[in-house]
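In the part that follows, the structures are each spelled out as structure tokens.
Below, subunit A partners subunit B and then partners subunit C, in two separate complexes.
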Partner chain A sequence: MEYLLEVKDLKTHFYTKKGVIKSVNGISYGLKRGQTLSIVGESGSGKSVSVLSIMRLLPTYAKVDGEIIFEGNNLLNYDDRKMKKIRGNHISMIFQDPMSSLNPTVKIGQQIMEPLLWHHKASKREARQKAIQMLTEVGIPSAKERFDQYPFEFSGGMRQRVMIAMALISEPELLIADEPTTSLDVTVQAQILQLIRKIQERRGTSVILITHNLAVATMVSDYIVVMYGGRIVEKATTKEFLKNPLHPYTLGLLNSTPILKSRKSLNPIPGQPPDLRKLKDVGCPFAKRCSKKMPRCEVENPPEIKVSNTHNVYCWLYV
Partner chain B sequence: MLKYVVKRIGFIIIALFFVSLITFILIKSAPGNYVETERLLSQNVTDVTVPPEVKAAWEKAYHLDKPAWQQFLIFIANAARFEFGPSFQYPSTTIEKIIMRTFPISFRLAVMAIGLALIIGIPLGIIAAFKKDTIVDRIAILLSMIGTSLPNYVMAVFLIYILALELHLVPSIGWGEPKHYVLPVLSLAIGPIGSITRYMRASLVETLNREYIRVAWAKGGGFREVVLKHALRNSLIPLITVVGPQLAYLTVGTVFVENLFNIPGLGKFYATAAIYRDYPMVMGTTVFFATIVMLTNFIVDIIYGILDPRIRKRSMMEG
Partner chain C sequence: MAQNILQVENVKKYFKVGKKDLKAVDGVSFTLEKHKSLGIVGESGSGKSTLARLILGLIPPTEGDVYLLGKSIFKASKNEVKQLRREIQMVFQNPYLSLFPHMTIGSNIEEPLRLHNIGTKKTRKSVILNLMEQVGVPPQYYNSFPHELSGGQQQRVAIARALALKPQLIVFDEPVSSLDVSIQAQILNLLLELKRKTDLSYILIAHDLAVVEYVSDLIAVMYLGVFVEFASTEELLNEPLHPYTQTLLKSVPVIGGEIRDITISGEIPSPINPPSGCPFHPRCPYKKEICEMEKPILKELKQQHYVACHLY
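For the complex of A and B:
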């Protein structure tokens, strides 16, 4: 199957007064049409920055290198005007905090219509109809009345539904969801994930899901990418990932995920996530916390091990 | 809403009572009196003593022979009906008539100055916020700091020197023609230009950092959609709380400028009354100015509530 999005050797470095922060340091992955890819990692692993690099929503002191091939074109060669036509039209994004993602003084309906209006894809009347239809589709009752309400009249879960409606109204090929359920109640989390999956199946949208929750990732995605310290440590289809996790960090993540009814004790990974400013270019970023560390781990970059055509792990253990 | 309005008006009335009381006490305890000052200043005589029977008759005419507390009560009773009686200096007319004649002049000056300040300050603030931390921003901040720290009468002297004496663009003094407005309005506007620029910049910088602004960029908005539609709207609401009181203070604060340019506004009458110990005039104008300031603040709060849907809808729900 053809790739909708291919990220090749993506590097995002922030040039600050205190030094260069290499948030994303050479990652590659591909996303097929209609599929869901999850990027899993701790805070500071570079997972959010990697998708903000795709959207080009970073401050000016960030430098992005590599290739981002979307529908055959390298987005990194696009200027601001061309990027504007991509955002909210071909690639949409939902963010972590639905409470602050909506403008408090603008009516919900207006905000949902905006992607259509800004990209001149519909007249105001058509956009209104479509917005009401979207609100119904994401499960907001009495959508017609809700259209004219303000964000403060919605609960957190409802606001995230509004965000989803807003992101999908222009029928984008790719939806990026940056921790869409992190700030919601557990019961609402499941509903929102289900909603994303249902709409994705119906419309054939491809999804990149950013999460720190491995359980969430295995539940909804076809492909999983695990990031640590700005690099990918393991990537595989969800099936292979569950059957044969290999990287010590992946295993650590799995061991520190609680499973209901299991008597197995939790084994958290010792140590702290790395300080990206101090991270060296050579060596495995996880080496300092790894229980199976070998001398070469700190001085040589880990090799790419092909477990199968769709399963790669970056670790000296499997040479 | 109605309950709130009634409550606020009640507070204003109480505050006005205390303003009157304090002004009255201060006036009564100030040295000098009108009769002697008038002879000293206007008739240029060194012997300021007045025949006792003349003074007694004059005092009787203004209720000055009664005890102080009675004088105060008479003032309050009259002020409640917007009647301040004749002043010492202008016995043939009443203070309220003078106020009605001269206040529009001061008010018009203040409105023109605020209008000019908004026209210059808002765009300057937007540019500074959007070009934050660049040389453009630094220059805008520096200019606005000079504007806010220079008193308007100092500014007026500079302007007279440059625009009237050196460049001969406008007359330095006079009243009645549009060209006579230029210098007073400019000198009054400099301060508000500075504070509006700074406030606009701070408010917009804060708004631009909000999550919903990033969402708006992600929806494919450009400068017009994101900054002018989403951000500016929300930063202008707090600006009203600055502009309203500014207008009130400017109306009162035209005192120096009106004296400098010999403009027959209320400020000039106010200052002259203080010099001549024209106590009824001082009392009347002080209470009038206090009313203006408090009413403006009140109106600003109401407008703020109407513009912010969160406050508006909540107060409607409360009835």
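For the complex of A and C:
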């Protein structure tokens, strides 16, 4: 299967007054058509910045390097005008907080139609029809009446459904979901995850899911990428990831996550996540907190170990 | 018989919103024995934080009463209240907002001791350093300010401050939900350790059932201002009786698990406009006629296992 999206040695550095912040520091991964890839990591790991770099939704003091190959073209060579044709058309994104991503003064229906109208993909009447159809598809009852309501008239879960409808109306090849269920209650989270999966099966959309919740990642994705300190420490198919997790950070995350009815005791990772300003370019970003640290870990970059064709771990332990 | 540290009696809290009442807590009763930990789970809007504030006596109830060590915290005199306050402390979700930003870590932890005139400046310092050690904050942070610490360290400081008066009960309101997973586990282990080493009782309020399970002896499930189920942790997880608890258990994401079909739809209704009868009936797959008319009361169905549901 060919890749829909290939990210090669992506680096996103922020040039601030207090120094350079290397939020994303050389990551590579590929996403096949119709598949879901999860990027897992804690705050500051660079997971959100990595996808904002794909959408190019970054401030001017950010510098992006590497290659982002989408359907055979490097998006980093695109100018703003060309990127506008990609956003909301071929690649859509949904965010964590649906209230702050919807315009509170515009009716829901208008907002859902916008991608179609903006990209001249439909007439107003067609767009309206499609928006109502989309609202029904994402599970909003009495869509026709809801079309003319404002965001405040919707609950949190319903707003996230509206966001999904808006993201999918132009039938994008790729949907990026940045912590789409984090602000939702757990019963609603389950509903939204179910919805994303159903829509994906029906439409064959590829999905990148950003999450801090390892359990959510293993439940919805085909492929998992674990990030720490701006770099990938391990990537594998979900199957291999569950069967044979290798990187000490991955294991630390697994041992820190409480599992219902498991009665296991938690074995947290000592220390704190790194300060990206102070993190050095050489050495493993996780070395300071790693219980299996060796002298070379702090002075040499970890090698890429191919466990299989679809499982890579970046760690000196497995040389 | 074990001594009860806390007794909550049919406590209600209604807030006025326009002409309507927002029934944040609508009749909750329970007792907590000494050296036990109670976890309260519920979705946003279930009233769990309001209940915490009532237990601490931070807001007056519309009805009902809360007894700490046998004394009503709402009917006690000012002096008695001050004494009672020493026995109950709280830790909040956002540690940065609950610490004084202009005060050092040392003086933040010292504040309760100072307010209650305990020790002298000199003797307090050693008490504070002891507390910092107990919660795992290195002593070199004594003169640092909160913003210089990470979220996890700030939460440890907040816990140290709560421990300063050697209270018998601490209420933790979502203490780990703003923290990263690896740090969350550190704090949860700290709670377990405190319980093992001291005779502290605590109430933990959280939306994450797995977190609650890990640190609680008992679990209460809250929905629209009432307890719908209340039992020992083991009992509740292995034999959930209320349809809402059952759904909650199915909804928790599990590593390597499947997305399960959720039998309920919709979301928690607004407490300003609650449904008639059982608060859960609009979402309940087993709804009967009586559920729409009559509010079920919390009954002891099995020993120490309480459920509010017309099914039983």
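Note that in this section the second predicted complex is superposed on the first by the 319 of 319 C-alpha atoms of A that agree within 3 Å, B and C clash if a C-alpha of one lies under 4 Å from a C-alpha of the other, contacts with A are read in each partner's own complex, and residues count from 1 in each chain.
Operating definition for what follows: a residue touches a chain if its C-beta (ideal position, glycine included) is under 8 Å from a C-beta of that chain, and two chains touch if they have at least 3 such contacts.
Just so we're clear, the structure is a prediction, and the values are computed from it rather than from any experiment.
J.: With the two complexes superposed on chain A, say which partner A:214 touches: subunit B (first), subunit C (second), both, or neither.
T.: Touch partner of A:214: subunit C, not subunit B.
J.: In the superposed arrangement, does A:282 touch subunit B (first), subunit C (second), both or neither?
T.: neither
J.: Classify the contacts of A:193 with the two partner chains as first (subunit B alone), second (subunit C alone), both, or neither.
T.: So A:193 only meets subunit C here.
J.: May I ask you to decide whether A:319 touches subunit B, subunit C, both, or neither, giving the answer as first, second, both or neither?
T.: A:319 sits against neither subunit B nor subunit C.
J.: Give the label of whichever partner, subunit B or subunit C, reaches more residues of subunit A.
T.: On the superposition, C touches more of the residues of subunit A.
J.: Under the stated touch criterion, which partner chain does A:156 make contact with: subunit B (first), subunit C (second), both, or neither?
T.: Once the two structures are laid over each other on A, A:156 reaches subunit C alone.
J.: Looking at the overlay, what does A:266 touch: subunit B (first), subunit C (second), both, or neither?
T.: Touch status of A:266: second partner only.
J.: Tell me which partner A:87 touches in the superposition: subunit B (first), subunit C (second), both or neither.
T.: first
J.: Hey, which residues of subunit A end up touching subunit C in the complex?
T.: 42-43, 155-158, 185-191, 193-194, 197, 212-216, 218-220, 242, 252-261, 265-270, 272-273
J.: Quick check: in the complex, which residue numbers of subunit B touch subunit A?
T.: 210-212, 214-222, 225, 230, 233-234, 237, 307-310, 313
J.: List the residues on subunit C that touch subunit A in their complex, please.
T.: By the definition above, subunit C touches subunit A via 43-44, 150, 152-153, 180-186, 188-189, 207-211, 213-214, 237-238, 247-262, 264-265, 267-268.
J.: Given the complex with subunit B, which residues does subunit A contribute to the contact?
T.: 55, 57, 84-89, 92-93, 95, 97, 100-106, 114-115, 118-119, 150, 152-153, 163, 166
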